[in-house]
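Order of writing sets the labels: A, B and C. Residues in every chain begin at 1.
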Amino acid sequence: MRYIPNSPEERAEMLHQIGLDSAADLFSSIPADLRLARDLVTSPALSEIELLSGFERMAALNTGAQRPSFIGAGAYGHYIPTVVDHIISRSEFFTAYTPYQPEISQGTLQVIFEFQTLVCQLTGMEVANASMYDGSTALAEAVLMAERVTKRSKVITCGAVHPEYLDVVNTYVQHAGIEVHHVEFDSTTGQISASLAEALDDKTAAIVVQSPNFFGCIEDVAALAQKAQAAGALLIVAITEAISMGLLRSPGACGADIVIAEGQSFGVPLSFGGPYVGLFATREKYARQIPGRLVGEAFDKQGRRGFVLTLATREQHIRRERATSNICTNEGLIALAATVYLETMGRRGLQEVALQCAQKTAYAAWRIAGIPGFSVPFTAPRFNEFVVRAPTEARSLLTSIALERGITGGLALGRYYSDRPNDFLVCVTELNTRQEIDALVDGLAFIASKKAPKMQR
Amino acid sequence: MESEITKVTSHISHNETLIFERSRTGRIGYRLPPLDVEESPIDSIIPSRFRRDDDLEGVPEVSEVDVIRHFVRMSTWNYSIDLGMYPLGSCTMKYNSRLNERVARIAGFANLHPLADESDAQGALQVIYELQQDLAEITGLPGVSLQPAAGAHGEMTGVMIIRAYIDVRDGAGASAKRRTMLIPDSAHGTNPASAHLSGFSVKTIRSTKEGLTDLEHLRELCSHGEVAGLMLTNPNTLGLFEKNIKEICEIVHEAGGLVYMDGANMNALVGVARPGDMGVDVIHLNLHKTFSTPHGGGGPGCGPCCCTKELEPFLPVPRITRVGQEFKVDYGYPRSIGRVKAFFGNYGMMLRALSYIQTHGNDGLREATEAAVLNARYIAHGLATDYDKPFDAAPMHEVVFTDKRQSRKGVHTLDIAKRLIDYGFHPMTIYFPLIVQGAMLIEPTESVGHQELDQFIAAMRSIAREAVVDPELVLNAPHSTRIGRLDEAAAARKPVLRWKPLS
Amino acid sequence: MANVPEDLHYSKDHEWVSVEGDVADIGITDYAQNSLGDVVYVELPKAGEEFAANESFGSVESVKAVSEMFSPVSGTVVAVNEALADEPEKVNGDPYGEGWMIRVRLSNPGEVDSLLTAAEYEDFTKAETE
C-alpha cells in the first residue's frame, strides 16, 4: 500500500526482530471471538485514476454548483483570492498539528494571534479566540457563557435568527437548565419585535440577536445593547454574513457583550456546508470565561518575542468537567484561510467588497420590486439579502427558474417558515454580475406571468 | 547518533513581524471588477448610524507580495507531518494524502451551497451516504451521523443520545435519577467535559496495576442504580486493549447503563476488530486521526457518531438516506436529539475520508492497522532498556513510558521532549494520561519507515545518555530552534491576546 | 524541604490558618505552591461572602493546573488580598506573608482545634509524597 513506507518484507523483518511470527500475533491481546474473521466490505483499493473518475462522476451530478446562484442564508459565495489556497496548501500549515510545542509551531501561533487581532478589529471587541467550529456552535457556546457569567438562566432569542442556529442552541442548552424564550420578528420591518420589552426581566442572562438577520434586515444593535444593559443582561450579536463587517458599524461599537460570527465569507469555499469557521469575541473582563483556545504573546530567556497557547486552565484538558467548553480541535486551517483573505483584501478591499454587495443588492431589490406581482415586504435597511414575495408559490417558481433559465434564484422560505409559502430569500454578492441579476429578474417576470396570467397588480 | 546544533541566525525570515507591523497606508493586494450597476447614494441604502465610522482602522494594507512572503516565512517556523514523524500519542499523525486534497477541491463539491435543492446535490449526498455505509461497516454500528465537527462534538452528541434513550426507556424524569457517567481515570479531558454538557455528573473508575479498567471497582460503581453509562477508550489511553471489554459492557448493561466508546484510538482496530461486536452502544470517530484528514494546525476535524439500531432514532437530524436510486435529506425523526451544527457538518473532511477509504480498500485498511501497531511495538521494544515502561502488557498502536529513571538525575519529561526537538523530531505527547507520572505517550502511526523509527529510537537513547552525562544540555533544550522556551507563566499572568497600535 | 511555620494551623487540603481573636487569615502552604508551580491567577471571593468549613472559596491556577481551595473554617469574608490580582506570584514567593488570600471572621472558633498542627501537617505531607 503506497502510503505505508515499510514494505511487506521490511515488516516481516521487524516482526522477527521483536519476536513475533506474523502480523496476526500483534493482536493477541484481543480475544479471538472479537477478532474479525472476514475482510471488511467497504471498497476495493482504487488507483488515483479510478478514484478521481468516481468522484468527478458524483460531482457532475451537483447541478447546483454549475449555475449562478442567489442563495445566502448562512453560506455565501464570495471571491476567493488565488493566494489563499496556495498558502493553506503549504505542508507546514496543513499537515502541522495543534501548536502544543511552541518552539516549533510559531508559524501556526503567530497566524492565530493575527487572526484573533483581526476578529477584534472587525467585531469591535477586545478579545477573540482561535476559532469555533462554525457560527451556529459559536452561538450555542455564547449562550452557555452568558449563563456562566450572569448566573441567570433565561435567554431571549428572536425569530429572525438563522433557524438552524436556533436549533443548535436548543440542542446545546437542553440539559443546561437554560430556558430559551422566543420573541417574534416584526412582520413590517423584519427586525426583532417590540414584544422583546415584555420578555426582558431580571432573570435574563442574554438577548440573542442576529444582524444582518436571517431576512437580511439590519437590527438596531445599539438600542438593543442599551435595553440589555438596563436589565443586567448580556447582548449576544450573531453575524452570518461576515463581509457585512466591512460596511456596518461593529457590534462592539454598538455595545455588544459577546459577538459570534460565521467566518466562511472570508476566503472559504461553500463546500456543501463545511468546514467553516466560528468567530468568537468578547470584552476583556470575560476573557477567563471564553471557550476555545487562546494565543498570547510570550518571551523567551533572550527576550525574543513569540506566541503561545495560554489561559489553558479554562479548557477541557485541565479543568475537565468544569471547563468553559469541551472544544479541543477547532478550525485552525480555515482560520488561516480567513486570515490570508483578510490580509490580502485588507482595509480597502474589505470595504470595497461590502460596498459592491450592498449596491448590487439594492439594484436587484429595486428591479425585482418592479416586477408586476412581486414585492419586497420588509422595510428595515438591508445589507446583501432580502425577502421577495412572489405572486405564486416560491418553491416551484424557483425550480422553474433553475430548469428553464439555469439560475438558482434564491431560497424558498417555506423550508423554515411554513406560513410564508410565497416568500423567498435572495442574496447578492460581488460575484453576481449585472447580467446575472437582470437574467434573474427577466426569468422571474416571465415564469410568474406564465403561472398566474390573470393576477392583479 | 550525532547531532549538529546550530545557533539561531538573524536571517530575515526568522524575524518576520506581525502583519500589522508590515502594513503601510496605500498598499494594495487585490483587485475587483468595477461596480457594474448604477450606484445609489450609500445613505439611501444604509443610514449612516448603521455604518462603520472607523474606516476599518488597524486592518492591514499590504501588497500581494507582502502576503506571500509573510505567510511563507511563518510557515518555515513550523514542524509538520510532511517533514517527518510526529509521535504524538492519541493524535494519529499519519500521512495527509495529496489526492484527498484534490478530491476536496473538485469544483462540483467546492462550489455547492449546502441549501441547494436535493435534486441539485445528488452527488454530494451520495458521498455522505457512502461514507456512512463504510463507517458503519468499520465500526459494526449501523446508525451513523457525520454532522459533528470534531471528536469532542461527536462525544457530546453520543452522550446526549444516551441521555435521550434513557429518558424514553425509563420514562421522562428518569434521567434525573440516572445522572452518573462513569469515566476512567486515564480518560481524555474532553470526556468529562462532554458528559457535563449533557447534564451528567462524573464518577471516576480506577485502573488496575496492569493499566486496565478495574472490574471490581466498575461493579461497585454500577451497583448504586444511578449509572447512565460508561465512557471508555479502547485501546485505552495507555495503548492497551481492554481485553475484558465484553464483560465491561455486560456489567454496564446489566446495571441499566449504556457504553460509549471514545474512538480516538481506532487506528489499532480498523479491519481487525469492531466496537459494535464488543458490546459498545455508541462511538465517535475522529476523521482527522484514523482517516488521515489533515490537522491543519488545530482543525478542521470531523467527529462522526455511530450507534446501534436501538439508538438510531436519537441521532442528529437531518439524516441522509437512500430511497431507490435517490439520496434524501430526511428530518422525520421525532426522537432525534436535534441538530448539533448548521448544515451537514464538515463536508470537506468527509470527501477526504471517503477518498482515504477507497485508496486503501478493504485490504489496505487492515494493512495500515497492522503497520501502525507494528511500529509502536517496535519502538516499545527499542526503548525498553533506557526508559521506564510502566505496563508489561503488549501495547497496541501507542506506548507509554515514564521519566522515572531520568528524573533521578533531575531531568523530566518536559526536558526530554524539548531535547528531542534538537534531534529533528516533534516531541511525543507529554503528561497525558494523567495517571502516569511524567507520561510520554508515543504513537508513530503506520506512516513511518523503519529507518526513521531507528533514528527516533537512537535519538531517545542518546537523550537518556545525555541525561546522565550532561543533564544541562537536556534541561536547557531546545538549542536549535529560532526561539527558546517561552515564559508561559508571565504570558498567563498578563495575557496579551491581540496586537494593538502604539497610541 | 517545604517551610511549615510552627505558629500556624493547617488543613489536609494544604491551606494554612493564622488566628487572632475571632479573625483568621487563610492561604495555601509552601508545599502547595511548590507542587502547583508558578501561580498565574487566583480566584477569590468578595468581602461579605460566607463559607462553611470544607466549602470551596476559590481556586488557584498555574500554567498547567488549577486547584480548588477549601475553607478550613466557617465564617464571613471580611477582607481579600487584592494585590494577588496584579501579582499572583506573591503566592509562590511568600505563601505565608504577602501571599495571604482571605481574612475571615470566624463563626465557630472551636473549629480551629480540629485543624492540624505544624508537626501533624509535616507528617501528613511526608506521607503524601511516599
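Simple rule for what comes next: a residue touches a chain if its C-beta (ideal position, glycine included) is under 8 Å from a C-beta of that chain, and two chains touch if they have at least 3 such contacts.
All values derive from a computational prediction rather than experimental measurement.
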Next item on the list: Provide the labels of all chains in contact with chain A and in contact with chain C.
Entry: B
Next item on the list: Considering only C-beta pairs in contact, identify the chain pair with the most of them.
Entry: A-B
Next item on the list: Please name the chain that ends up farthest from chain A once chain centres are defined by their CA atoms averaged.
Entry: C
Notebook entry, point to check: Which chain is in the middle, if each chain's centre is the mean of its C-alpha atoms?
Noted result: B
Note to self: Roughly how far is chain A from chain C, centre to centre by C-alpha average, rounded to an integer in Å?
What the structure shows: 46
Item checked: Centre-of-Cα separation between chain C and chain B, whole angstrom -> 38
Check: From the C-alpha centre of chain A to that of chain B, how far is it in Å?
Finding: 20
Checklist line | Interface hub residues of chain C, defined as touching at least two other chains | finding: 40-41, 61-64
Next item on the list: Would you pick out the residues of chain B that each touch at least 2 other chains?
Entry: 488, 492
Check: Got the chain A residues that touch at least 2 other chains?
Finding: 312-313, 318-319
Margin query: So in the complex, the part of chain C that touches chain B is made up of which residues?
Written below: 37-38, 40-41, 61-64, 88-89
Next item on the list: Sort out for me which residues of chain A touch chain C in the complex.
Entry: 288, 312-313, 318-319
Note to self: Considering only the defined contacts, which chain B positions touch chain C in the complex?
What the structure shows: 431, 488-489, 492-493
